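Here's a structure for you.
Here the chain labels run A, B, C and D in written order, and each chain numbers its own residues starting at 1.
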Amino acid sequence: MEKITVGVIGATGMVGQQYICLLENHPWFEVVCVAASQRCAGKPYREAVDGRWHMHGDIPAAVANLTVMDASDVDAVSGRCRFVFSAVGMGKQAVRELENRYAAGGTPVVSNNSAHRTTPDVPVLIPEVNAYHLDAIATQQANHDWDGGFVVVKPNCSVQSYLIPVHALATAGYPVRSLVVTMLQGLSGAGYPGVSALDIVDNIVPFISGEEEKSESEPLKIMGAVSGRGIAPMDNLTISAHCTRVPVLDGHSACVSMGFGDPKPGLEEIERIWREFTSVPQDLKLPSAPPRPIMISTVPDRPQPRKDRLAGKGMAITVGRLRPCNVLDYRFVGLSHNTIRGAAGGGILNAELLKARGLL
Amino acid sequence: MEKITVGVIGATGMVGQQYICLLENHPWFEVVCVAASQRCAGKPYREAVDGRWHMHGDIPAAVANLTVMDASDVDAVSGRCRFVFSAVGMGKQAVRELENRYAAGGTPVVSNNSAHRTTPDVPVLIPEVNAYHLDAIATQQANHDWDGGFVVVKPNCSVQSYLIPVHALATAGYPVRSLVVTMLQGLSGAGYPGVSALDIVDNIVPFISGEEEKSESEPLKIMGAVSGRGIAPMDNLTISAHCTRVPVLDGHSACVSMGFGDPKPGLEEIERIWREFTSVPQDLKLPSAPPRPIMISTVPDRPQPRKDRLAGKGMAITVGRLRPCNVLDYRFVGLSHNTIRGAAGGGILNAELLKARGLL
Amino acid sequence: MEKITVGVIGATGMVGQQYICLLENHPWFEVVCVAASQRCAGKPYREAVDGRWHMHGDIPAAVANLTVMDASDVDAVSGRCRFVFSAVGMGKQAVRELENRYAAGGTPVVSNNSAHRTTPDVPVLIPEVNAYHLDAIATQQANHDWDGGFVVVKPNCSVQSYLIPVHALATAGYPVRSLVVTMLQGLSGAGYPGVSALDIVDNIVPFISGEEEKSESEPLKIMGAVSGRGIAPMDNLTISAHCTRVPVLDGHSACVSMGFGDPKPGLEEIERIWREFTSVPQDLKLPSAPPRPIMISTVPDRPQPRKDRLAGKGMAITVGRLRPCNVLDYRFVGLSHNTIRGAAGGGILNAELLKARGLL
Amino acid sequence: MEKITVGVIGATGMVGQQYICLLENHPWFEVVCVAASQRCAGKPYREAVDGRWHMHGDIPAAVANLTVMDASDVDAVSGRCRFVFSAVGMGKQAVRELENRYAAGGTPVVSNNSAHRTTPDVPVLIPEVNAYHLDAIATQQANHDWDGGFVVVKPNCSVQSYLIPVHALATAGYPVRSLVVTMLQGLSGAGYPGVSALDIVDNIVPFISGEEEKSESEPLKIMGAVSGRGIAPMDNLTISAHCTRVPVLDGHSACVSMGFGDPKPGLEEIERIWREFTSVPQDLKLPSAPPRPIMISTVPDRPQPRKDRLAGKGMAITVGRLRPCNVLDYRFVGLSHNTIRGAAGGGILNAELLKARGLL
């Protein structure tokens, strides 16, 4: 099979670098084009990231010598590749315009950015949760009169750790009605240079700008219903999120209390549902899909970010400490890798879903 | 005024060391006796803590040369001092027996240990919250037929950061009915050597053995009613606590969601109540009482443990980020210094209250 | 005694903030003027540092409401104060020009910047080491035809930990001829935001740009001879410095091997010299002078930055682990607080020396 | 080819766990026996390490269900396997006796322990450096009248980072005569629980008991000459080592100054030698041998432990920052992974060398 050509726009940033590493030797996709801001354009990629390459290991050889293109030169970039991963660092309005220009030109955009997450006809995808939201693409294309191009996005890196377990329960017939979530989020979520060491050594910071709003609202859209007018957020789930920054390199931990409607499952039932949960990506055998999206930790002091974040090659959620909650019904701890499942890995899984569904 | 003589039993441990430092130059109390396990007995204190002195600064000169006594030699220790601070590291049953022996001998015991916290006639004191629980001492003495001696304890180091703010609201007429609390607790709470660096660098641990149970039950007793039969835990508050360990030296942070009964205060009302809150220790001008028990942080990313833990010399609680909660009514972040307000400083404030009330 | 008025230029940066904190309640000096870049000029100081106040505790009240002046408006700033502390963040050439303009206008400049450290007629002062370099001020004023104004600077924050001990030995008749120094430097040395947390959690960085050159050359000038032509670096000491960054907030540790000429002291002789060492600041009883400039740690695993950096209120050097070296003669570990002795505290001590010598 | 059976004694400790992980799927060796202290004997391995399994990933399935044997039951253990890896945690004398008992019974012992490092007829092996020391095995067997059994050991984890580069230069005709080394050592070097988090957050510790002596003496034996009487340490190299502990999980960094005799190489010559260096393990294509034992980092702020410790799967040394030294001749930074190359990986490479040379 010939590989599908892909461009990474915003290729020099941390998420862009993560894409380039995760796509090395990908069975379906091949990075043939890297684009960034005008400042980097024209340089070999190797040179453009000199002194700010943050991945383990070297720059994949096939990409190191690509000449960085100007991401705003949409025709030139689109001419090189079948679709793009977008991880640009710009203001929301600018991102929306840029991604729309790619889509208008016929190029599918698999985005990591928050800009389009509230756009009603843009799916916010977690393939295990809402593959059916792909139906909104037709609406999106009709709304814009686009032909072939479209935009899909992935959610904020904070939601995976609790949303996938909650979705698994809903699918099994136990819809969660309320969630109180406290997030302990890793440093890489803030990008590079991100958090100053002077702010986080011997310290935690109990606030991350904009993060709580995303953590509270995005899940409602992700679990919402699709109609001809786009995606309507679900209205019978309430989330309270408290987001803190902790001195952990990678990995977002969630301390979750959840309340059910009726019926309410038992502890063993919840464990069984999580253990057995698989979904569309597993059925389709998508290359980046973890065999088990939810791993259950049985030791009492896990999941821990450093020890568990690479479960399922960074694509699985690890849960543990399931127990009753005095105020709502149950509590648990969820963990996901914020730059793999929560960023580039999640984007790649979205693209794999698109491909499997014939949309690429 | 002649100072009141005091002994520290468990003087070589971390809390014991903290007591000795905080009591240096105390206006009312003077450490004249240090006691520990038999293994240390007979050595000069300086020598007994050699290589395991964890405080900043040197051993207070007046204590360095005291000969360590055997804490189990109750008569000898009691003969030297008017009362004792107890911070021994033993099993619960052994602690209870030891503290009872001191009390039976006529020596008041101001304890840091958890052993007696569930004993109905033993007050678990936070002087700003439940000074009225001192009334249980008479019951305690009657129950045991003790004369002069008694035991009071302080609560677990995790509860101060949310309980004082919650109590302030209750006192103002707004009782809290439900609390979901996620604690991010500092390393010193585990004692020394405590947490291995290999477990906490680039990591957090979402579990602390026994801590959640204490965080959920102790506040109910602290806010309970006193009768001739002892202290009855309040029964119209429900707490769900999730305790995690983070790489912070000192300071326990609490991310709190709280639900009120009726009436429910407004945001500004809550802030005003916290800002104006003072209580018995402030009225009595106890030496260790912070002028303002609750400090309000107005910057959005505070309180932070490293920057705020020493507020009020480590005796004040700092709160911030008060805002509505989607699930319960409001959320906030509370912070307290776990080895000062949460341990030795809290014990000293208890003793000051006892003295002011004529019980020492 | 009326206090001497002082301005802080570069007042909004980290070193400027440190100056403002350390000068609160200073017995001789009073901050009456704060200056910074044009961008901040005109704002109240409180507002200019909003969101980037990095000191413990609040902004000193007397300074919080001062209006920030434009540091380049030399006449206006000079008109307000007797002398200035300079901690501006600009290029070398710009710093030199600015500081010269203040000096030319008759205002003494006590600088924290590296710009003038290699200027032959500008003393690089550590008052315990080279108070006699004040003699170069007359030369400096003559060279420039300045009247009353002059510039003195303090050395890089990395040199204090080994240079004061080495100087004490030289003074006692044991000149050191070669030094191999490995520095483990704290994060605050890089300013704010400085080092990204992503670069230093679970890591060290074995390089700090420009730091080794300063660590190798500045001591030679500090220990040099003064003549009518300025200060000539000493030429019979050779230093090899290796500077690394470690995840420590404050405190620079030096692992030092030193070789002597003839005669060579014994171990006990070195310890005695260090223990007994005092110098001009102690003789003059300067307010910021530590009673003992060199503290000797006797436990084998000290000095440690977190436990020892505040020795002598951050103005003393702590040394330990003195022992023979297989290659040179002896090894030891030195520690100094990089933002107190190594920055603002060192600058204040310089100003105190100037005042005591009648130069302010 | 049938795999060679091997036992791991001390299998429950950190180094033992590391052996078990690194040997999973080893092409030549198969772990068929795990042994530990009597306390663990009789339990399934999985159970014996419950709550103290510190490796990433799960216990290799083939080992998890092995019954732990008593390491002191030499006959039983020896009966199960062709040779043993020894990583027991006992006193020196006890280790020597135990390892001798295995050797006396005909079982080769590849040891991680320091006990036998100073025994003249026991080779301290780094296969890239002193494969010729295998000649001492015959002497050892003759001295003890052992038939088939013998003991070889690996050096302390601190020496690899500077000794392999120094050896490469010596082999190329440029013998180093003096070394001043400052080590910044990772936490895992202290085992588990090892260093308390309270001692190392916001701190470094400038001392590791016994480590400097090993770092100074072991290289002399490793580079020594073999004769019929055993191994004589080289006498024309002098090492001064300063060992510090830093808050890094894995990886020992060395800041090295080195002085040559005659002739002295140029900078480019040194780089060329290091880049081209290969030795016996590469010639023999040993499975664990890194293709390039010495990797050269060309960016100025590397090697860094977190970013470079896994070079060559943790078996390569990374060097960087080669530059002149003012006191000796040159300086550089070396880095090695202390639990792979410096512990279990080094032991496995030793066993591979033994096998290739027909000694297993």
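A few remarks follow.
One rule holds in what follows: a contact is a pair of C-beta atoms (placed from the backbone, for glycine too) under 8 Å apart; a residue touches a chain by one contact, two chains touch by 3 or more.
Quick caveat, the model's predicted, so the values are computed rather than measured.
Any chain bridging subunit C and subunit D, meaning touching each of them, is among A, B; the list is complete. The most distant chain from subunit B is D, comparing centres defined as mean Cα coordinates. Computed from the mean C-alpha positions, the centre of subunit B lies at a distance of 42 Å from the centre of subunit C. Per-chain Cα centroids separate subunit B from subunit D by 48 Å.
Residues of subunit A found to touch two or more other chains are 201-202, 247-249, 307.
Those residues of subunit A whose C-beta lies close enough to touch subunit B in the complex are 178-180, 182, 184, 201-207, 209, 216, 238-240, 242, 244, 246-249, 253, 255, 257, 259, 300-307, 320-321, 325-328, 331, 333. In the complex of the two chains, the subunit D residues touching subunit B come out as 54, 187-188, 192-202, 247-249.
Considering their complex, residues 51, 56, 201-202, 299, 307, 310 of subunit B touch subunit C.
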